[in-house]
Amino acid sequence: MNKRYVWIMAGALLSLPLFAQNQKEYPGRAPMTHEMTEYWWPQPPIVTPGQAPVDPIPAPSDAIVLFDGKDLSKWENSKGGPAEWTVHDGVFTVKKGTGDIRTKQKFNDFQLHLEWCTPVGIEGESQLRGNSGVFLQGMYEVQILDNYQNETYVNGQTGSIYKQTPPLVNAMNKPGVWNTYDIIYTAPTFKKDGTYRTFPRVTILQNGVLLQNNTIIQGTTPYVGFPEVIQHGAGPIGLQDHGDASAPISFRNIWIREL
Amino acid sequence: MNKRYVWIMAGALLSLPLFAQNQKEYPGRAPMTHEMTEYWWPQPPIVTPGQAPVDPIPAPSDAIVLFDGKDLSKWENSKGGPAEWTVHDGVFTVKKGTGDIRTKQKFNDFQLHLEWCTPVGIEGESQLRGNSGVFLQGMYEVQILDNYQNETYVNGQTGSIYKQTPPLVNAMNKPGVWNTYDIIYTAPTFKKDGTYRTFPRVTILQNGVLLQNNTIIQGTTPYVGFPEVIQHGAGPIGLQDHGDASAPISFRNIWIREL
Amino acid sequence: MNKRYVWIMAGALLSLPLFAQNQKEYPGRAPMTHEMTEYWWPQPPIVTPGQAPVDPIPAPSDAIVLFDGKDLSKWENSKGGPAEWTVHDGVFTVKKGTGDIRTKQKFNDFQLHLEWCTPVGIEGESQLRGNSGVFLQGMYEVQILDNYQNETYVNGQTGSIYKQTPPLVNAMNKPGVWNTYDIIYTAPTFKKDGTYRTFPRVTILQNGVLLQNNTIIQGTTPYVGFPEVIQHGAGPIGLQDHGDASAPISFRNIWIREL
Amino acid sequence: MNKRYVWIMAGALLSLPLFAQNQKEYPGRAPMTHEMTEYWWPQPPIVTPGQAPVDPIPAPSDAIVLFDGKDLSKWENSKGGPAEWTVHDGVFTVKKGTGDIRTKQKFNDFQLHLEWCTPVGIEGESQLRGNSGVFLQGMYEVQILDNYQNETYVNGQTGSIYKQTPPLVNAMNKPGVWNTYDIIYTAPTFKKDGTYRTFPRVTILQNGVLLQNNTIIQGTTPYVGFPEVIQHGAGPIGLQDHGDASAPISFRNIWIREL
């Protein structure tokens, strides 16, 4: 079998006002569909990670603890109101229909640690199985999904830059076992014209296994269409309420170090 | 008017055999159309270059001269046969229908100089006006087009990485005046799996004005669909026969320095 | 106090034969001294890490285990003979005077995990206190030192690219507690002339805290003089016998994943 | 003969106040000498450029013309007073003893064009022969020297990042013939602690021949000691009065485009 990987590195699209402007050039232009930016093959190798923490790994002394097991006081919903996800047993769980949450504090370059877990007995397949995500600076989604014995399009699996770059490997722990994410993020710089002067970049380890190595992020991470390049400054860490019944992901032990 | 530029940086698609493989996942997937990867707005600023060489700029002593005004002996057609474009008056001109030509010699990293000219009285608009292109390592097209008072989609104009990154500015000389290209190219390196370990990169000056500054090339440059990442080694310099009647582009004074 | 950091990023020196050649130009040139490339101030911030593993963290399923607690069969001394360091209690300890050891296998890009520990009751100060090091591709030393309440020159402390770039922080566990290193290494590529075409790069986490973020390695890491640029291919992982009485560093749980 | 090049890429030193601070650690530390950061071998290949402009190459329409042949009104001396170099015949010449000059305007990223010429009959050798330099953002010197049939240390020759990186080749025109410099500069960004977050980078063509290709600048460019990393913002273009009798370099046709 041809083991050669050819991964998608999707590109930057015009932002919506510009898209409308450009759309006029082709009045009958066929719309993009979500499938056009989804690729299923080849699947990254499956690696069984050694790291499967029973208890949270304590934060370093200079970290800002974003969730310590007690409350969501460092978080808000997408309208700036209280974060309504469910806190229980030292963790918190997505509360379907309450929407995404994000940190009140905004960040530039950072090292982020978080732990997440999909419940035993989860159903659904492909994207409809434990789907959530971490938004870096509120802009760029690193996918979270229950990819344990569950295939999906490779640029939508756990550890992908969503609809852009698949992870190097699939290093999932099985449902009921906690996963760790260690994310090192370098914010972009912008030219006067609003385009990237330097790309955002990210390194990701899941359960101690490298998924992304200083990977270029090419723009936003929409479901349909290409990445957009949108000028921004410091931004929050966001977590996604995917809105389907199969996504009761739990989180714990979230801390961040400003770099 | 919103002067904010949001440029396309299109992404890497699966190569054709893989595409077929992936296509099976979505039997009814709508095909991409060429318009989906074309963006018209905003147009790069127009700069009137100061450099408009009447005579060819002589080559440095360590350059490999690829065309010295006499013959196409350093070139071949895409089947390996003789290059059949028309040599006259110290220049050569695309001969419609004879296909692309390429150097017999292959290159890795290089500095390439070439000069090109669109005839006075050329007709057509957008892409149907003086369309050609330079292929780096036979893989990646830097667009050549008569963009003098002729708008087209910005990621298809002169100095764009075709269907990827527009040039910083439009620095065209008018028809009948020679343009220079100075292209500094760094070849990619590949992982074992055939994906880029380091991206190809290119710096381009047209008529002494910077169009691309160490820009990442994201893959091949197809008319329809996304860039592909295809593993390759050293490759030729190619020149495009666009095949339409409006493209009698002439070339002269082509030399290359291996880096 | 001025908190502004100004770090050393030392540079590439001529290799020894060239040095001799260059030396002739200045017959009376004063020799470099080791102090010239040592800087003490400002010291990186001290961070108390949360991670202090009692037991080894198991290796991922695709890792090559370089030490599993039993023997040094994957290692050799610098002459290609048997590695003579002391294996005991599931760990191995530097055996003074037997010299550096290195893996028999050679590597290109990799993710390396190793754990190391300095004994309780260790004496000495600055560099004479638990001094060892990890050599990447046998060429580039990442310093290992007991920097717990022990200052030294900042480009010689734990997690520095030795005599080049200091770590972002000091994240030491105290003597008797195991430290983890997670090292992501990208090998250089070379031009025909033997200089770097792309620099080697390294990301390092100690005890889960970021010390180096895709840092450029500028050449070799000598005690006296500047880094050299020496052309090389795949190389081993090396561990240093510093040769002083204060360096009975122990290691355990070493694994590597080829990238 | 071993043709392998091993170039110097010298490193960043502490700024002077810090140096004093660090000096205390080694009260008897031997001082650096200028020879320690000078390397003579191997000399870059000599390339005879094809470009030797009799007349100035006109500026693009969007350029800021810094010298148009008439006066130094865009320039000042290093104290902010009038630039006192000699304007004559559409060019200006270093006036020994009046000190460096710099633009009144400050720049970030830019493309700079300038032309310079050493007089026929110039005497002196090595650095004492037509020595000047261009300072990027007032911080980083690109060397200007009469290197036509005049060897010097390679990291001090024309087109070197002074005391850092030699040029790829020696592409000098002989005395009395104008040389062009086309310099593409990307300014650094800084971390809060004052170190580089991204390095400054520079591409240089002399007479149309590539000397530096997106080369990292490692810090300031002092005569004695290592590069320093000093936090700065926008800065002027500077030109050096080397202060020796052998340096009556002339300049003309200087323009800059902000990127």
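Annotations
First chain written, first letter: the chains are A, B, C and D, and each begins at residue 1.
Note that in this section a residue touches a chain if its C-beta (ideal position, glycine included) is under 8 Å from a C-beta of that chain, and two chains touch if they have at least 3 such contacts.
What you see is a predicted model; the values in this text were computed from it and never measured.
Chain pairs B-D and A-D differ in how many C-beta pairs they share in contact, with the greater number at B-D.
Ranked by separation of Cα centres from chain D, the top chain is A.
Chain centres here are Cα means. That of chain B falls 33 Å from that of chain D. With centres defined as mean CA coordinates, chain D is found 45 Å away from chain A. Multi-chain contact residues of chain D, defined as those touching 2 or more other chains: 259.
Considering their complex, residues 2-15, 17-18, 21-22, 25-26, 29-30, 32-33, 35-36, 38-42, 153, 164, 193-195, 216, 218-219, 226-231 of chain C touch chain D. Residues of chain B that touch chain D in their complex: 45, 47-51, 57-63, 111, 113, 168-169, 171, 182, 184, 186, 201, 203, 205, 207-210, 213-214, 257, 259. Across the complex, chain B is touched by residues 109, 189, 191, 197-198, 259 of chain C.
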